[in-house]
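Two complexes come next, and they have one chain in common, chain A, joined by chain B in the first and chain C in the second.
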Partner chain A sequence: MNSIVATLVSGILLGSLYALMASGLSVVWTTLGVFNFAHGALMMIGAYAAWTVSEGMGLGLLPGILAGVAVAALCGIVIEYLLIRPFYGTRHMLLVTVMTTLAALIILEKGAQLIWGAKLKQLPRLVTGDVSIFGATISWHEAIIILLAPIVLLLLWRFTAMTNRGRSLRAVGQNQDSAALIGIDVPYAFAIAFGLAAALAGLTGALLGSIRFITPVMGSEPLVKAMIVVIFGGLGSLGATAGAAYVIGLLEAFLILWLGLYWTPFALFLLMIAVLIFRPNGLFGRA
Partner chain B sequence: MTTSLRRFAPLFALALLLVVPFLATDSYTRHLFIIAFIYAIVAANWNLSLGYCGVFNFGHLTFFGVGVYTAAIAAKTFGITPWLAIPLGGITAAGAAFLIAAPVARLKGIYVVLVTFAVSQLAMQLVLSQSQITGGGEGMVRIPYLQLGDYSFIRDFKFGYYYVALGLLVLSTLFLRFVVQSPFGKALLAVRDAQDYSTARGISVSRQRILVLVLSAIFTGIAGGFYAIYLRVASPEVFGFGTMSLVLSMVLLGGVGTLYGPIAAALALTFLTEALAGIQGFEEARFIVVAVVMVLILRLAPGGLVSLLDRLRPSRPAS
Partner chain C sequence: MSEPILKISRVSKSFGGLKAVRDVSFEVAPGEIFGIAGPNGSGKSTLFNIITGIPFGPNAGEVWFKGKRIDGQPAFKIARMGLSRTFQKDAEFPDLSARETLAVSAVFCGGLDRRQAAERSEEAFALVSFAPHRRDMASAGLSVFEKKQLMIASALVSKPDILMLDEPASGLTKPEIQALDTLLRNVNAAGVTILLIEHVLTLLMSVSQRLLILNQGQQLAEGEPRAVMRQPDVIEAYLGKRTQ
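Here is the complex of A and B:
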């Protein structure tokens, strides 16, 4: 009984992290039609920036997290401007932007290694101490992540569904020409979408930097998991992506309980293949 | 004039490469050529699926890695002669390609990228987790080397290895030439350039994609097998971003959808990155240079450097 509760809680924690990651991918995809391979690397940059401000300069964790979000957002806007914008409307845009964001990933990873070195780093926790949920013990920091993720997702959903600026992102995603005709600044919308997604990645990184080690390659495993999430959920809608993130998180936690750490990635992957054979646009996706 | 030049340029280049070991007698220069030949095989075969068929395959290095580990395990664990372990890499790589291709053939656009990419990450996970078979993160070392009778191919400053690598490259190129010029190759271009029309004329796109992925894996796997036997190590790095971006930049630099471009680009980029690696503090930063080169090619010459040369020439010669 106890192990099931513990697995549930750790699954929800994983799901929260995947939801924060994958929602950024989804925002960029629905607005720009670009799959951002550098998303995990932006998360890593957020963690390092948070560490530099919090530990390196000794300014404390909250300013650190804010700095992580800001630096990641800035990097995202720069990536959009230099590596995405020149290729809008070209024939092979999807393929080309996969390659340019891969290039961005390599530049960020190797750059981080040059700047911060190979030594493992870690952030302090937001709140020290543990909390017990129905007999399962997790740290307060992890509990805060679990609580924070739905709030952030809800704010993001409110932004894209209810504000004019958020709606303009969706309009641009649906039809750029019509959006431009009704007076939406399309390049500005692209920059907003990319910056917003990068900020989400930076936040995830800064939060994750307290419970895992910060390394230049810390973003690649969450990126692959976020990929599995968007394959399950389809890239098209925020709600489906977030839902899929929690499903995958819980599934992963239970698979680890039953199959062990080694075989879990395979089981997840086989499941993903099975889903794609029957639903080529994702489990909840539409054509 | 130009066409005959084009026809004979590869033969001329081959003749040059045949005499290189007599001009470059040191083992380091030959080593660079051998590595460049291996990358050239991988890049040219990737171009078959990516450039000719238009499959957004980002797991091509998986086939290479499968070849590397097949040869390593066959030669070291099972004691199979390296001469057999190398082609064995091609067979298992083709098998792996078939398994991946079956679900991928039905997918479209970004989902092809995601699945093929996830496969390569999964392969890396498999290698890392099955450490009693693969050596895990440390990899496998001291894999048996090539020898003929008592003659080890590493001797005489890698003289033997140079010609084995060159021979593999020639075989791979002849194979790709045969595939591209066959009716099947023509059908590939037809689907890539006008999918609806070709399907209407009775070409099965999914069957074609499966076949292309399997064909492109054969020599990639053999190159991987040779890589393991030549370097005598197999490490999970072959599945990583670094190797992938390097080979991808070769495909791009050489020109997507050309036969000889990636080979020339592989030679150029191998020597460039090795020169950079020699500079103090550039061992890691060279990958940044490769990434920047990749973006610049996409930005300035999307057809590769070959297309730049074509642009310099008058498009329609005065008759």
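Here is the complex of A and C:
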């Protein structure tokens, strides 16, 4: 019984991290129609920036997290401006931006290695100590991530659904020409979407930097998971992405319990392929 | 004619070897309903594209709006200056409700705050007689006529000086075309200049005060609608050459 509860809690924690990560990827996809392969690297930049401010400068963890979010957002805007914007409206834009965002990923990873070196780094936890949930013990830091993820997702949903700036991003994602005709500056909307997604990646990186080691390639594995989440849930919907993140998180936790660590990624990919065969629009996507 | 609100001067647009619009010039007076007609592929929609900058401007020539040259300006700036346009295809933003669409347009194009945008949206809905109980549903679920009403309302909510309509009657039934006729007259009576591309000639002839005919990208005729439609070269462009 205890192992089931512990796995449930672990699954929800994984789901929370995937939801934070994948929601940014989903925002970029729905607004720009681009799959950002540098998203994981932006997470890593957020973690390193948070470490630099928190530990390197000794200013504390909260200013560090804020710096991580800000630096990642700035990097995201620069990537959009330099590596994506020149290719808007061109033929094969999707393929070209796969290459340019992969280039951004390599530049950021190698750049991080040059700046911060190969030595492993870690951020302190937001709060020390442990908490027991129905007999399963997790750190307070992990509990805060579990609580924070739905709040961030709710704020993101509120932004896209209830504010005119958020609606303008949805409008741009659905019809760029018509969006320009109702006065929306489409390139500016793209920059906002990319910056917002990168900020979410930065936040995830800063939170993850306390429970995992910070390395230049720390974003690679979460990026793959986030892609599974976005495709599994159904491209184009924030709700579907959030739902899929928790489903994948829980599935992964139980698969680790039942199949072991090594077979779990294989089982997850098999599941994703099955979903794409039987529900090409994703588990929660509309036809 | 009074000082024109829109002046098109010798505009041309080519796609490789295809000359879609060739050396077209005309002027539109404030408050006018100016019709544009021509056979399929005559360059009507390309001309609208050139004027609004979506998705392209002209290769040559000039576009002047309210005394300012606008060719080369970004499309959103042209829209904010007061030149609105609708497309042939409907459903601009399938996942946004009619109310959300108008609110975004009022804020970004009209520069209004949230409260003003809500008020202006109600005015625009009323002007196009959009059913109140359909305003909060996703646009994808609206009927063809409602989508046309919504497109016109979203163009009107920012109180533009010119409304450019690209075949608004396509896909509509006869009673709906009659309702559209009344709607266009009401919009025009509210002080909005209208440029209208239309294949439904009864509607075009009914509302237009002047008419421009395009054929193979060139200006064939311009003037009072009935006189223009009686011209032999216009009849020939529409019906083909009379055989003996």
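Methods note: the second predicted complex is superposed on the first by the 286 of 287 C-alpha atoms of A that agree within 3 Å, B and C clash if a C-alpha of one lies under 4 Å from a C-alpha of the other, contacts with A are read in each partner's own complex, and residues count from 1 in each chain.
Just so it is clear, contacts are C-beta pairs under 8 Å (C-beta built on N, C-alpha and C of every residue); 3 or more make two chains touch, one makes a residue touch a chain.
All of these numbers come straight from a predicted model, not from anything done at the bench.
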Touching partner for A:Ser168 - first (chain B), second (chain C), both, neither
second
Inset, instruction - For A:Ser3, select first, second, both or neither according to whether it touches chain B, chain C, the two together, or no partner. - result: neither
Per residue count on chain A, the busier partner among chain B and chain C is B
Chain B versus chain C as contact partner of A:Thr137, first or second or both or neither = neither
Who does A:Asp185 touch here: chain B (first), chain C (second), both, or neither?
second
Seen from chain B, its contact residues with chain A in the complex are 56, 58, 103, 106-111, 113-115, 117-119, 121-122, 125-126, 129-130, 241-242, 244-245, 248, 252, 284-285, 287-288, 290-292, 294-295, 298-299, 302
Contacts from chain C onto chain A in the complex sit at residues 52, 54-55, 74-76, 79-80, 84-87, 92-96, 100-101, 103-105, 107-110, 114, 117, 154-155, 158
Per the touch rule above, chain A residues touching chain B in the complex are 29, 35, 82-83, 86-87, 90, 92, 94-96, 98-100, 102-107, 109-111, 113-114, 220, 224, 227-228, 230-231, 235, 261-262, 265-266, 269, 272-273, 276-277, 280-282
Per the touch rule above, chain A residues touching chain C in the complex are 89, 164, 167-168, 170-171, 174-175, 177-186
